[in-house]
Amino acid sequence: MFSLGNFLTLSTFGESHGIAYGGIITNFPAGLKVDFDEVQKQLDRRKPGQSSIVTQRKESDTVKFLSGIFEGKTTGTPIGFIIENENQKSKDYGHLENTFRPSHADFTYDQKFGFRDYRGGGRSSARETVNWVVAGSLAKQLLPENVEINAYVSSVGEIFCEKPYQDLDFSKTDSNEVRCPDSETAEKMISKIKEIRKEGNTIGGTITCVIKNLPAGIGEPVFGKLQAELAKAMMNINAAKGFEYGSGFCGAKMTGKEHNDLFNKDFSTKTNLSGGIQGGISNGMDIYFRVAFKPVATILRPQESFDKDGNPVILEGKGRHDPCVLPRAVPIVENLAAFVLADLFLINQLRKI
Amino acid sequence: MFSLGNFLTLSTFGESHGIAYGGIITNFPAGLKVDFDEVQKQLDRRKPGQSSIVTQRKESDTVKFLSGIFEGKTTGTPIGFIIENENQKSKDYGHLENTFRPSHADFTYDQKFGFRDYRGGGRSSARETVNWVVAGSLAKQLLPENVEINAYVSSVGEIFCEKPYQDLDFSKTDSNEVRCPDSETAEKMISKIKEIRKEGNTIGGTITCVIKNLPAGIGEPVFGKLQAELAKAMMNINAAKGFEYGSGFCGAKMTGKEHNDLFNKDFSTKTNLSGGIQGGISNGMDIYFRVAFKPVATILRPQESFDKDGNPVILEGKGRHDPCVLPRAVPIVENLAAFVLADLFLINQLRKI
Amino acid sequence: MFSLGNFLTLSTFGESHGIAYGGIITNFPAGLKVDFDEVQKQLDRRKPGQSSIVTQRKESDTVKFLSGIFEGKTTGTPIGFIIENENQKSKDYGHLENTFRPSHADFTYDQKFGFRDYRGGGRSSARETVNWVVAGSLAKQLLPENVEINAYVSSVGEIFCEKPYQDLDFSKTDSNEVRCPDSETAEKMISKIKEIRKEGNTIGGTITCVIKNLPAGIGEPVFGKLQAELAKAMMNINAAKGFEYGSGFCGAKMTGKEHNDLFNKDFSTKTNLSGGIQGGISNGMDIYFRVAFKPVATILRPQESFDKDGNPVILEGKGRHDPCVLPRAVPIVENLAAFVLADLFLINQLRKI
Amino acid sequence: MFSLGNFLTLSTFGESHGIAYGGIITNFPAGLKVDFDEVQKQLDRRKPGQSSIVTQRKESDTVKFLSGIFEGKTTGTPIGFIIENENQKSKDYGHLENTFRPSHADFTYDQKFGFRDYRGGGRSSARETVNWVVAGSLAKQLLPENVEINAYVSSVGEIFCEKPYQDLDFSKTDSNEVRCPDSETAEKMISKIKEIRKEGNTIGGTITCVIKNLPAGIGEPVFGKLQAELAKAMMNINAAKGFEYGSGFCGAKMTGKEHNDLFNKDFSTKTNLSGGIQGGISNGMDIYFRVAFKPVATILRPQESFDKDGNPVILEGKGRHDPCVLPRAVPIVENLAAFVLADLFLINQLRKI
């Protein structure tokens, strides 16, 4: 309950200013030679301090595997791991014990649990996503080697990457700080983020993710549809506000005649408004979806709020915060998607006698 | 696994042309005096044949409770129920055994399972939603009485209900065939659907759902965020292509300064771009979300396709199909949401000692 | 939660005097040609009225499959089934509404749920096991054909079958009313049960179950050990008081030197005190276990009890009750074991890449 | 899947010679002031090297809580913890890579996973129980304060504690090395274990556990019976071979007239052959059960075995092994039971509206 995955599962723990984050991956098959460099590479893509347009906090974000791997290979038993917290400045947060920051989870945690670990957002911190990147980058290694999962920043504020994904070269995604593979759009996005940062403000955006070469048959008929599992995973990301796949919200404006994907003789489809999924199950075409992210709630400007006793207070974010989470969210989206796919991929192996 | 809910769970079965649909609801608390009329009323809102703009199939859609209720009250033991299938014309489907309809699940089911019950879409039929309406309308009765869940058709094709939900009178939702509470917009939608139907075509749209008076504290911190549970449920609806809540995709264009919801002294918020959820947990404000639906894939016009052996065939939908699923999807969205909320509401009772 | 199985799962519902029992089996693989006769045969072995030493209630116990099977083959989608209740004499139970029968679940259900369906024990009735026989006899068909699961009555009261299971011919188990394959012991057991029945009394006993030809590798390392999954299933049977496997309670008296099973060159073992399981995982040798059943609580003799208000009452069971549940429990044990094995067998297929 | 508990859950990881053991406890309610000393006390009761009749390995077995506790109180978010491994002598095990020890899990792990971490039994080591003691001793703190859970060694080999549990003073259990509260019997057990150890042999035994003051209503009707949940937990302990509760295997010899527990006017029962559970649900009387443990498989004497290639080898356990696990298993049984009870206790709070 409240873990990720159905058969391949990830349970996690951790708070922003606790001792460590970590998790347990269960039902990971035995015999996989783990590519540890790939795991660390994905962590590095997510970590703070990697470029000028993200938070300048420093965390080494090194994962330590505690079990389930022997002589470099998975043993089939639970994989336990931790990522220690290093760069905590808990004192920065003392003033928040009795105060609720606007559009943060401070108030709702207090309502739910009666009190909260107020340091750095506690359990509500997006630092939790470090666990997902570890688990997702391992899970990715269970998928057929030719499965490609590529996410990129498709909009920042009002700046959109107008090119369809088919015209993009995903090998360029990491070539710029904002992780948009279209260099012209990337430049505009970067200037926008720098401008916003200068104002002490933050900005939202969208990430598009494209999955290629997933075999047909992945996903479950009713509860467990591939799009629903992806949506659930994505909507658990901290600032996510929306999810759409294939034609998405645009498809809602269309007619059946326009929207239906006619077959080719080899059962590929002439168009792909379905987004590679029919009846909740992959059909072998590209899967693509888009996730909307709101702007980060912590702004470096004074905001009015109240403390627990209802006294007015002025809050002002300080220090090391992201003006835009999108660039760091790209590996989160990719690796979460990988975990969801690996889970459903394993289950699909039991679908026929 | 592959049921709805985490503690309060719904497992279901059924195929379009099988003997019956049905389900089991587990962990439903004892002692609730069941409002059976309300359950049937919700089923009637979903059933085919109720108006001129939906399919003219006739199904009485009467639920039969088989267990878990004694002398009108829930006993705390599993609630089993069935809805018998009545109006099956399975012969209509014989030609589909070896043929794949475009943008249906025929091909993907065959890929996954090796063969399929091809009659009326089998397990992929949206008739499965009848189970959800039964379970959701029961679950609704577990929520505090003042919790209101109102869905309505907010767009059909390019016709949008421009008024914000706050300006709508939800008591009017069922006063017209399309279930849009704004009568002027409703009329336009109805004419559009009639026009589309005449062409043998179909059309998509969106449904907006508004939840009022849900107490603060509902939803879980990491996996199990309220928006993620809602998204998962909604994205399992058969034609759903997208989900957004609060500011949604629009929020992705905004800055933090614009988007943050400042508190009032009573911890209500001045704005509600958060959509009533912060950190995955309800804050007591209105929760609102929107679901995009693609146009129905079955159109009453010839379409090119292929049979299993790769021979070209011409398919043409016949008979009794919905030109637009939106009106019938309104109770599905409402009752699914009710189930999700009741599940998280129960769990929340165990969050403090 | 509170279903049987981990991947292959059975959820059930039903009360003794409700409309029907039933269940949903999920994650059953597609493509199995169902042997319906075998399912009914197992139901017939469990049903009341089949011999002179069991209850004379009449129930046809016919299962009706509602979904998940098409043209005789499983489709991979949930298998829903019901068994209608027929021979209810609910009026027999009216006097129990406010009274608690000794060693029944009347008092505990009232404590737990605030009230109960008092007719025939409601949900606490052993009639629930009809669901398990349906599911187990289907699950059995997923196991390799040479896997044999044979249970038999190994003791009734103080009468024990002294022969080790290796000396028994399981094809004789059903050749007598008590289901003990040793005909001499069977006769003694039958006379004992008849004598006990004449006194209006009841009697306990044990069932031994032997599983042959299960491949090595079935069962999970920590939580999910094969013996623990079997124990859980067996201890959910209504009158079960104890479970032991391999050397069992006798093994607790032994030394390591005596108890260790030395290997043969082919990795079979010279002895089998392990009972075919090492570290929670099958080793290819025979698995054998024993379940203890208490005597039925309903006796046809006056017993003192109290009603809800604490007034003394005299209760006397009437009519059609089992003097000894053991003969009818044999197919329950066998089919429950089959379900547990099939679940772990499927999961084991995902243990290596 | 393959965790402990249904709502309150424990997922674990760890191998004998890995870096650390650990686990995640989910759904633990917020607001409990943790008694850390009690947790460590329970760990100390389980740890090696505590007396002359158990293994002389030294492990400090110190638990480190990584999350879910803030300023000494549980926060309602997942509790992550680790216990680092310290005293590993992995070189002792190099010879086992290709050899299978009799009555260990070496062969079955290899069959299941294709290879194994052979050092100290890897995941099959009973050192895993350290995780359960941590989780159970926390869970115990969720139960009403007057709930008492007392386990003790009730037999070693053929030496039985003849006194019924009612005549024992549980405060004396820890007053001797073997943890039998009857000092006379304890002495005999201790001499027996010393004798056995001298021979390089090992010996089995039984543990009895008594639970007092558990409220009525705990446990679930069908799958989830209190005795089944206890049996499952206990049968997952490494050397467990049998479980019985209440009258247990003796009850199988009795008649209904002898076995039924008649009520007193206050709904306590005059006898308690039921063992405090009726219909799977606690009735407020003492719960008592017994677990059988086989002798430890590692003996310090030469045993014949085979390597992977079928070559005969002589194995001889060396060093620091338990001649009898019973004394150290007492806290394991108690704390596992506590976890099971706390899980069902929480769930029971949701059983009535």
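Odds and ends about this structure:
Which chain is which? They are A, B, C and D, in the order written, and residues in each are numbered from 1.
Criterion: a contact is a pair of C-beta atoms (placed from the backbone, for glycine too) under 8 Å apart; a residue touches a chain by one contact, two chains touch by 3 or more.
Bear in mind that the values here come from a model prediction, so they are computed numbers and not experimental data.
Equivalent interface to B-D within the set C-D, A-C or A-D: A-C (over half of contact pairs identical by residue number).
Each chain gets a centre from the mean of its Cα atoms; for chain B and chain C, those two points are 40 Å apart. The mean-CA centres of chain A and chain B are about 26 angstrom from one another, to the nearest whole unit. The multi-chain contact residues of chain C, meaning those touching 2 or more other chains, are 1-3, 7, 12, 27, 30-31, 76-78, 112-114, 123, 221-222, 351-352.
Viewed as a contact network, the protein chains are fully connected, with every chain touching every other.
In the complex of the two chains, the chain B residues touching chain D come out as 1, 7, 27, 29-32, 76-78, 142, 221-222, 346-347, 349-353.
Partner chain A is touched in their complex by these residues of chain B: 1-4, 6-7, 12, 100, 102-105, 107-109, 111-114, 123-124, 128, 155, 157-158, 196, 199, 201-206, 216-217, 219-225, 227-236, 238, 240-249, 251-263, 265-267, 269, 273-275, 277-284, 292-299, 301, 303-306, 310, 312, 348, 351-352. For chain A in complex with chain D, the touching residues are 1-3, 7, 9, 11-15, 18-24, 26-27, 30-31, 64-68, 70, 73, 75-80, 82, 112-117, 122-123.
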